[in-house]
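The data blocks that follow each hold one structure.
After this come two complexes, each holding chain A, first together with chain B and then together with chain C.
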Partner chain A sequence: MKDQRLETRVDTQTIKIEARKAQVYYGTNHAIKDVDVDIMDKTVTAFIGPSGCGKSTFLRCLNRMNDTIPSCRVEGSITLEGESIYDPRVDPVQLRARIGMVFQKPNPFPKSIYDNVAYGPKIHGLTRNKAELDAIVESCLRKAALWNEVKDRLQAPGTGLSGGQQQRLCIARAIATSPEVLLMDEPCSALDPIATAQVEELIDELRSQFSVVIVTHSMQQAARVSQRTAFFHLGNLVEFGETGQIFTNPKDPRTESYISGRIG
Partner chain B sequence: MTARPLNPRAAIDTRASLLVQDPRTKARNATEKRFRAYGLSAIVVALLALVWLLISIFGNGLPAFKQTFITLPVTLDAALLDKGGKRDPADLAKATTVTYGKLLASSLEADVAAKGLNLGDMKPKDLTKMISEESPATLRNRVLADPSLIGTTIEVNVLASGRIDGYYKGRVTMESAALDKNTSPAQLALADQLKTAGVMKTQINPGFLTMPDASDKRPEAAGLGVAIVGSLYMMFVVLVLALPIGVATSVYLEEFAPKNKFTDLIEVNIANLAAVPSIVYGILGLSIFINFAGLPQSAPIVGGLVLTLMTLPRIIIPTRAALKAVPPSIRDAALGIGASRLQTITHHVLPLAMPGILTGTIIGLAQALGETAPLLLIGMVAFVRDFPGGPPEGLFDPASALPVQIYNWTQRGDPGFVERASGAIIVLLVFLIAMNAVAIYFRRKFERRW
Partner chain C sequence: MSIGLLSLIILGLAIAGYVIGRRKAVAQVEGDIRKLHSLPPFYGRITALLTAVPAFFLIAAWLLAQPLFLENKALSLINPAELPAGKSAELVMADVRRVAAGLNMLEARGDDVGPLLASPTALKSALNGAGVVLETEPTPSTLAATAALRDAGATSRLAMTGAALLLALAGLAFGLSRINPEYRARNATERFAMWLLMASSLVAVLTTVGIVASLLFESIHFFRLYPASEFFFSTVWKPQFGGGSSLGILPLLWGTLYVSVIALIVAVPIGLMSAIYLAEYASRSTRAWVKPAIEILAGIPTIVYGLFALVTVGPLLRDYFASPLGLGNSSSSVMTAGLVMGIMVIPFVSSLSDDIINAVPQSLRDGSLGLGATPSETIKQVVIPAALPGIVGAVLLAASRAIGETMIVVMGAGAAAKLSLDPFEAMTTVTVKIVSQLTGDTEFASPETLVAFALGLTLFCLTLALNIVALVIVRKYREQYE
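Our next item is the complex of A and B:
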């Protein structure tokens, strides 16, 4: 298990996703208010905050998963490498191939382990033949630290794995389409501590290739895996900065109350 | 946590012995026992009713699968059957069933004489009545199909009359025969002798499943052939139309349609349509398909279309329930990888919903198979002797249907049709059980856990 890396340097400075004055409404309910966030490339960004503060809602705006909720409306600007993702010309299907997502509950398809990982490359036409597909499946399972556990039973159903293995399978599935950004919505909340540690380690490794955004309830987890942290409270972005600074020297009294356990 | 405050009375009760039930517990246990007894008695009553139904259907219906036949050597006299002598089909057709009837009767007479059986007080011509009126026609068709038989002696297996057949199924007795102008005790006595001589046999009758319906006087010749073909054609039409339309409707309503007043209205109406009496669909089919579209009456295509209308809501409702039951996490997973909505549905949601969809469809088909009322209105109750042609043209030929045939036979006067109707019910039940078995098989096969 990694120590709290409070002094970790933020390695890259390219901005991947930029949100300015982002607003989200559910019907008449104003769920997200004036959120400005920059998601850096090759960085783990953590969203923390009490339940119902809107961190998951905001995460789902970043790859337009909120489109499936009819009453949901997004205003303001959210751009991926300078292009607005809510532009009417944008097809959410293409967007989601570039911004992958891992969900709170492990949700492998009720198909084989191989088919789970191969599904994304297949529908996006990323491979020309079976050998290429095999290679992608293997490399993704290796990146997800699952290869050694499943290489002998790739045709076994993905739903037969343990919870932690299922979640790593979902991560392998998400990175199989080679996204630029990986969104993770409380990926460890359904896992036991050992599986959590494995997934956290994995997130740290994925940072070398992807930009990762993780929503978490656990402040320890945010401190362990992220370089930058955003604190949400009641739909507002209260504070956003380097993880070390947020946890040791918060500027806003609300952040301080939350990380010291007084609100939330 | 603070300790739960104790109810003072409960405190007193708990101090009493655990081995003695307090009045409250006794009352609760008694209620539970009564409830179980009600449930059990309801099940027992239902089972008894089922047993009664099965006993009465099988008791009445099983004899329909057996029939009494007379095996005779018949000499096909060329002088009688082909007066022109040229085997010209037009000439051959001039010999009517009356001629063939006489030929059969004289053959039977000769056989009786050869075996030295006692005719009793019967005149030889009374022997005609022992042979089914259908048999001369059967023999005539055989000869017309193969004129080279003329002049030879062939062994024929002809149906005995309904009364003789009924004698061996317990329907006709010596006493009832004495009062019946269609038979006589002397015929029955001769029948017994023929049976001993091996000329007459009661054996399995495949004709019950393959022959067409027969007229009022000939219950022994009536079969389900046309009805089975008609029902199969209709089920084919229903399956081909109702399954794709029903599934497409359900997928659209469940996955694509915006949720607004209009779609709410459609949903309520689909639920209501499932409860509309089926005869109403018959009237709808009569006015649309026959009066407006000009499709032929009594045709399986019209029956199939009407049953499709009736089955659609019954497929849509379980299909939507099956789609709803697919966990949203699977949809999220597919969308999150960048599958389009249609890909999400066809690759993940539909396969997971498949057991539910197939079960709903097959149950819907089974209901359609047993449906009578709408078919009466579109003319499928007509008396049809000719088999419809092969598909697809055959879909437009007149045909009957199993439930309508049952209804039809229960209306006939001759007691021979009672066993026919019950036998047809057995056939219908076998079809229904087979379809349900298929539904169960599919549910097991496609069921996947997640």
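Our next item is the complex of A and C:
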């Protein structure tokens, strides 16, 4: 296991998502204040911070999942490859196909393993025939390191898998639509250490194809899997930089207190 | 002693048991209640329960069993040779019961009934005066049976009072004898409560068994008088109270299913779609008034729906659909009853489905939306499949309601038993015929009357089968969510 891998390896410097002065309100509650973040392509970016600091809220803004909450309002600019994702011309449904999401609790659909993975390609019409769909399902399950465990029971219900397998199934499902960015909201918080290690390894492999944003409560996890880290506190982005620098040489005293366990 | 007084005495004993039990427990530890296993009220409570509950169970069981024993005894005294022409022993027993009840009433008023028993004429007039009207003067064997019934009744009542009081006192003594500081009164109360709750649930089960048994016995009675093959396979329903009826269930069953199917065709899409709207799209404020508004439909008495069918829907269908299209000119039709019944069962489908759809975890919706599915794709492919077992249950519940419905059919579809495919023709259902067979002026032993029980049993089997299917579907497709 790659433990405490602090050296930085930022492969590309293309900016995928750019947030400038992003504000989020829940009714009158100002949940996110003036957040500026650049999400690089083919990079794992970690959001850390104490509970209720707004990191999940901000993550959900990136693919407009907050649209499902009526009282939520987003201001400022968030762009994906230079185009505002809150532009009225942007279809949030199309946007979410480009920016996939994996949730905190594994949430496989009440369908077979095969249909879970095939769900996205089917609704977006990504395949022309059954053979192509089979190929996508297989390659996604392989990428999610699940293929060998489930290849003999693809028609079994996805809800019958173990927690770690379910979460890897959800990752396979998310990458089946070939998103450009993959958002992960505490993907390992419901998993045991072994399943966590598998998912972390998977995240590292996914980095070669996608830009990954991960919200986590575990600083070790952030240090292990990410190249860039953003520290949120009380709705503010306190510090954002290369993971090695954040963990070894934080500039802000609040960051230092948090990573050394004094606040949070 | 009357039941009321007896109950009061037992309750009094129970209260005494509570007070004494509590005192005794406290006295045994000389007021230091920390030395008791349980708090003092538990010692009182278990004593009171042991006093009252067994005694009340005894009374209930005795009252249920008593008539069976007494009537057998009285029945054996009726001389078959003395039966008037055309009257069975059961009918005479009805007289015996009424005379006995009348005499009890006279006695309760303080009259001396001794001389009346000697003279049938005087007895008849005295009973007439008391509001119990007899057709004929009671025969000697009727009188003998009456006397036996009353004697046995009085003895039994006395025995019951004694036994119940004894049991209560025994319970009280037993409860008090068990009290000592180590006695786990709290746990005993808990166990007692569990048994009490179990007995309550048993009442519902036993009632069902009783209903089925009575249906079954009367149906067997019917099938002795009328061939079962005729009943199940004949396509003619033509009861004649002089005898020689054709009692085929098929036309009635056909009518029942036809009306129910139309009702479900109306109710399932409307109910399901409104449930989806309410659960997935409606804002909280809309939902707050739309849902109760739909549920009001379930509170409308079915006779009002019947009126609606008779006065509004029937003529409307006849004037604007059936007549212009040349499909018939009857205002009572399967269509009328089916449509109105469909409206009646909408709330069953919509309200239950709404609750079930709401119970689907939000994480599944998020998962689907997060993959770029639209809300309607999410509903169609994720939410509805997840909620399907519950929705099927809701639909089958609605079906059971539709099959058992009577009033709307009487007023909307008419009373003519027919086997026809035309939805604009008058037809009738099993339930309607049960009512019409039992509301006649006939004796209770002819096949024309008893057929009602066979119809009821068939209907019961039908709804039971539906419920079992629902259960199997729910079990098979149930998804486990945390």
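Keep in mind that, in the parts below, the second predicted complex is superposed on the first by the 264 of 264 C-alpha atoms of A that agree within 3 Å, B and C clash if a C-alpha of one lies under 4 Å from a C-alpha of the other, contacts with A are read in each partner's own complex, and residues count from 1 in each chain.
Basically, a contact is a pair of C-beta atoms (placed from the backbone, for glycine too) under 8 Å apart; a residue touches a chain by one contact, two chains touch by 3 or more.
These numbers come from a predicted model, not from an experiment.
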After the alignment on chain A, I want to confirm one thing: do chain B and chain C clash, or do they fit together?
clash
Name the contact category of A:105: first (chain B only), second (chain C only), both, or neither.
both
Thinking of the overlay built on chain A, is A:96 touched by chain B (first), by chain C (second), by both, or by neither?
both
Scan A:173 for contacts with chain B and chain C and give back first, second, both or neither.
both
State the stretch of chain B that overlaps chain C in the combined model; pick it from 26-34, 80-88 or 98-106.
26-34
Share the list of chain A residues that count as touching for chain B in one structure and for chain C in the other.
63, 65, 68, 70, 93-97, 100-101, 103, 105, 107-110, 119-120, 123-124, 159, 170, 173-174, 177
Per the contact definition, I'd like the list of chain B residues that touch chain A in the complex.
258-259, 327, 329-340, 343, 347-348, 352, 448-450
Residue numbers of chain A touching chain B in their complex, please.
63, 65, 68, 70, 93-97, 100-103, 105, 107-110, 119-120, 123-124, 159, 170, 173-174, 176-177
Chain A - residues contacting chain C, complex:
63, 65, 68, 70, 93-98, 100-101, 103, 105, 107-111, 119-120, 123-124, 157, 159, 170, 173-174, 177
Residue ranges of chain C touching chain A (in the complex, touch as defined)
283, 361, 363-374, 377, 381-382, 385-386, 479-480, 482
